[in-house]
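Heads up, the next two complexes both have subunit A, just with different partners, subunit B and then subunit C.
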Partner chain A sequence: MKKVLENKTAIAIFVLPALVIYSVIVILPVIWSLYYSFYSGSPGLKWEFIGFDNFLRLFGDSNFKASLAVNLKYISIVMLGQVGMGLLLALMFYFWLKRFKNVIRTLVFFPVVLPTVAVGQLFQKIYEIQPNYGLLNSLLNALGLTGLIQPWIGQASTALGSLCVMDIWVAMGFYAVIFYGALLDIPGDVIEAAKIDGAGGLQLFRYILAPLLRAMIITCLIFSFSGTVKMFESATALTNGGPGAATRSLSMYMYNVSFTYNKVGYGSVVALFIFMLCVLGSSIIRKFDIKE
Partner chain B sequence: MKRKVLAGILSATMMTALLTGCGNKQTSDAGGQTEAKTESAVKTESAAKTESAGGTEAAGGTDSVKPSAAEDPKLTKNMKILSIWAEDNDNGVLIKALCEKYQKEVNPNFTWDYEVVSSDNLRQKVATLVASNDLPDMFVYESGKPIVDLIEAGKLVNVSQVLKDFNCEDALNPSAVSLLKSLSGTDDIYDLPLGMNVEGFWYNKALFEQAGCQVPKTWDEFEAVLSKLKDAGIQPIACGAADKWGATRLLNAYLVRIAGPDVMAKADEGISKYTDKDYVKAAQKMQDWANAGYFGEGVNTVDMNTAGSMLMTGQAAIFYNGSWFTSNLNDASQNLAGEDGIGFFNVPVVDPYVSDQNSYSMNCGNILSFSQKNYDEATGWFMKYFAENMGDLAMEQQGSVKGYNYTVSAEGASGYTKMVLDTINNAESAFTWFEATMDNEVQNVAKDGIQTLLTGELSAEDYMKSIQEAWDMSQ
Partner chain C sequence: MKKGLKSIAIKFVIICLVVIEIYPLFWMLTASLKQQSEWTSKPAYALNSGFYIQNYIQAWTRGNMNIFFKNSFICTVVSLFFIVLFTVTVSFAVTKMRWKLGEFVGKYFEFGIMIPVATALIPLFQIYSGMGLLNSRLCLIITYTAFGLSLSILLTTGYLRSFPDEIMEAAVIDGCGIYKLVWYVVVPLMKNAIVTVLVLQFFFKWNDLIFSMTFISDQKLKTVQTGLLYFQNEFGAKNWGAIFASVSMCVIPMLILYMILNKRIIEGMTAGAVKG
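Entry: the complex of A and B
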């Protein structure tokens, strides 16, 4: 076996087929969109070479800037929310609810398997205000907090927050299951020893659990980052980017530009920007890993 | 280093997925179907552009194939049809029935392939087909800006010429023809109409009675009615602002009444600016109404379907929509107000010298175009049959007017359908919807902004400024 792996030809034979397919369906389109970014219009209709105009336009485009701001806010809130809530849930299963953990784990994991469009519809009903109060507003009404009743997804100030809550709710079960698995891997005697040494809940987490979970936390952050930077379907299902542009992400803007405005060239520039954002984001998260 | 490469490759995968995967996603408004139906409409009075621009000349040859005989020569033809309606839905039913009838009664050698694409993907699909020079024989499309591009590229059959060659020019309703002409900015038509719609305010008669209101004729009366309804504890207007166009139509209605029917065309041509006084005033009116609570709470969360059902179930008194709304009104399970519970009135007048009572917001629905490349005599004969028989077929099967002359009577139609027919017959002139003259980018800005305008997060001046900026960018 060792001999085979030392043979360069053998390696090439193993790797080449996959590499060729990967290049054709992944790398080639990326280069293609780079090529597109120098053109205006869409292929077939008003398709003209315009050099770097699309790139210059990006800097003066207020819609683009607004979408970027929305996307960054969304990434930071949802990423922290999903991973944080997942970790809290896992700790809860581990320390308090060991007996019911299976039932609760199933319940919390359940939203993960729901289709996004169904979740969007569900939350539209929860946030509803007209013609009838939805769950949230009815609850506020019953508690006498009528001042808090509002069109949660109908105004720019609360729409993004409402969307984030939905996406955190959907995915936290997924992370809880991962963290729970990681917690089970921590030897029980380490935790016991810490407890005997007088470590309270916070100290236990800070000095024992967090360092041991570190690798898993970083993995989860990357999962979450790659999920949130794409922000598209949940926002489309819940608010369709509205009201105004309050929940319109970069990918939604890219979609609009490319396929609604028929400016595939400019859309490609936005796509390339998203690409750079991905590279930048994941390398920042990786930095934490390397420091160790 | 390895990690960086890995991260890079992962991101590349992700981005590619974005570009390719998103291609087929729908970003439609909840009422996409209806939207498509209305968006492709028409302008008549607002056709100032036609006159000033002197019409757009088709770049392609308009040499049509003349009929070789007086009777249909029963030529063999397999017609490829691209539609946005399934064969059991809306206009799809009519197109299918007409093809079957033509095959059975006239030309047994005629066959057809029917392909459906969602209305949201129609433009993209047609753009792709144009790029590969593969347009189907006959396809549903949108009038206005989209069709102008195809006409200029010489891709479409000159329908006027065909109708003339085959001697059936009088099969089309003249007002539909003039709507189509003005919308494409040409002296000839390059499409066949698939609808004839009128828009205005539908109101719940029981709620009007309860609040002691009369149908308003002037804008002042209208505002008095709204405030009276509000005082009576009734939500005055159900506005489907979740679908955005539900709100821009209201703005447009007022704007046309204060500034005339060609107001949007003027702004599009650069004669006036969207930031001018009247435009801002109309936007301000919408915001004032929202602030006064005329749209109820959370106007941006209500889509057009919900707004329509609020009217029919008595939760709101007034609802702006087009005549296609009669299909809901005719459905007893939806319309709790009953066969005579809902009335219709035109947009009330501010100044009859600017825009008068018999001027309605009208449109022609989606249109039907024919590929110039595939055009042959068999297609011509089919078009003749289509134009001559569509009017009767639509009236018999759906009780609707499609922009063709019809000979059957509308006696069997419901009260609502008749009301619409009467209204269309009474209309002396027409104006178009808010976004008719805008290209996609300006349209999106106008539609997105209307929501934050209604919540007060965007001022009327800033709203109109954002539209003007988008217009500037698109020039």
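Entry: the complex of A and C
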């Protein structure tokens, strides 16, 4: 037994191919970004060592700051929306829904599996105002709320909000299913006992369910955070960063800087910033888990 | 009386939520069957008056959807094969086999979860362009495989750790070598974990946009997602019928797949979050 499991050749065959591909494609680029970040221009084109200039430039770059602000707003709205709506839906399934539990759970989860680009195109048409009213505007029109008809994704004031609504719509079923599973794991007699002791809905949640669900809430927040930090695909598909820079995220800014304006060195600094934000953010959220 | 009112209110809320989740998709399907003239003569929420299949034919042939589907299919299936192969071998080697670096290598693979795709994008572009691999299916397949490993290995190592050693011991006593042991004993017992990985990674790879739009510019090699993104430019923003047909075409296979495998899919997709 021992001999079989210590077979060195077998270990090499099992691990090496994956290790090489993973190291070259996933790990090496991060280190490589660090190296790029000390250079100006792009390889072969004004490629000069400039030390920390790219990093210093970051702090004075108003485009970068604007993208960071958009990204942070997006993270906070979507993260709270996805996890909050998910939790609400799950509580509703658990306490209110007597029949059709599985059917409704299946239906609500469905948007999760859809391609982001397809969802983006669909919502473009929902928010459309020109040449015809899209779904939302035509419904508002039918309800007589003509004052609310507006170019939802065509103006800076509503574009980010419209994007957030889309991303919450996509993912809330996902979190609902996770929380529902966690609720089913809570022994039924704990909840029964609390009810007998006269705990109302809010009290029940505050003192019984919230502490028991705490670990799961943290997990979901981290998952949602790491998804929203990367904000790229849904914004590209719905608004492509527009109008102006109203929905341009850090990843999209990095993409523009390095592939449209060919400033690979500076783009790498933005890329590293995203990496740092991702690591920092998840460890801050994780801190809440350790307390108590 | 009060209780009856409350239950009606609850039902109303639940129905509203379900409608919000489902109605946009229903609207999309009906819209894809509308003729151009219906958009100007009727409000957007109106049902289609006939079944105008022409939209689909147009999207499939003139919109090149047939090519995009083929490309997505090849890239996804090949990378899934390698993801599963590497995931099984690596996670077995780091959990069950005995070597000094085993634990470290496992941690090293799991670290990849923290790395945002955007951070790797610029160097990868340079690597591929230096090797002349841009605009090839190969570079997508390599990238998809490499970026699929971390989460998959995390999921399967958790599963393998709880896996009893006695079964393996019995097989070894019966004269089973290491390769036979993995193929005939470990893989069949890991079936559930493998299916979870397959489901999760299928959706990640099939829905990928950022890699394919960065590495592929050749119209003949674009995947469904990139193709769809630029669809509007080619057809013009006014051809809503064809646009809806192309979007529906991407959604319908997912819908069918989901209907058949919904328990598995929900399990697989949520496992990634709970473990990650």
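Operating definition for what follows: the second predicted complex is superposed on the first by the 264 of 292 C-alpha atoms of A that agree within 3 Å, B and C clash if a C-alpha of one lies under 4 Å from a C-alpha of the other, contacts with A are read in each partner's own complex, and residues count from 1 in each chain.
By definition in this document, contacts are C-beta pairs under 8 Å (C-beta built on N, C-alpha and C of every residue); 3 or more make two chains touch, one makes a residue touch a chain.
Nothing here was measured: the structure is a model prediction, and the numbers come from that model.
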First (subunit B), second (subunit C), both or neither touched by A:108: second
Subunit B versus subunit C as contact partner of A:279, first or second or both or neither: both
Partner chain(s) touched by A:262 [first = subunit B, second = subunit C, both, neither]: first
Which superposed partner A:169 touches (first subunit B, second subunit C, both, neither): second
Which of subunit B and subunit C A:271 touches, first, second, both or neither: both
Subunit B versus subunit C as contact partner of A:131, first or second or both or neither: both
Which partner reaches more residues of subunit A (counting touched residues only), subunit B or subunit C: C
Partner chain(s) touched by A:10 [first = subunit B, second = subunit C, both, neither]: second
Touched partner set for A:52, first subunit B, second subunit C, both or neither: neither
Which superposed partner A:154 touches (first subunit B, second subunit C, both, neither): first
Intersection of subunit A interface sets (partners subunit B, subunit C): 25-27, 29-30, 33, 43, 128, 131, 226, 229-230, 232-233, 236, 251, 254-255, 258-259, 267-268, 271-272, 274-275, 278-279, 282
Subunit C - residues contacting subunit A, complex: 10, 13-14, 17-18, 20-22, 24-25, 27-28, 31, 39-40, 43-45, 86, 89-90, 92-94, 96-99, 105, 109, 111-112, 114-127, 142-143, 145-147, 149-150, 168-169, 172-173, 176-179, 181, 203, 206-207, 209-210, 213-214, 224-226, 228-229, 231-232, 237-238, 240, 243-244, 246-247, 250-251, 254-255, 257-258, 262, 265-266, 269-270, 273-274, 276
Contact set on subunit B toward subunit A in their complex: 3-4, 7-20, 22-23, 25, 27, 29-30, 123-124, 127-128, 130-132, 149, 153, 242, 244, 296-302, 306, 309-310, 315-316, 439-441, 444-445, 448-449, 451-452, 454-455, 457-458, 469
In the complex, subunit A residues that touch subunit B: 25-27, 29-30, 33, 42-46, 62-63, 124, 127-131, 149-151, 153-157, 226, 229-230, 232-233, 236, 240-246, 248, 251-252, 254-256, 258-263, 267-268, 271-272, 274-275, 278-279, 282-283, 286
Residues of subunit A touching subunit C in the complex: 1-2, 4-8, 10-11, 13-15, 17-19, 21-22, 24-30, 32-33, 36, 43, 89, 92, 96-97, 104-118, 121-123, 125-126, 128, 131-135, 137-139, 141-142, 169, 172-174, 177-178, 181, 216, 219-220, 223, 226, 229-230, 232-233, 236-237, 250-251, 254-255, 258-259, 264, 267-268, 271-272, 274-275, 278-279, 282
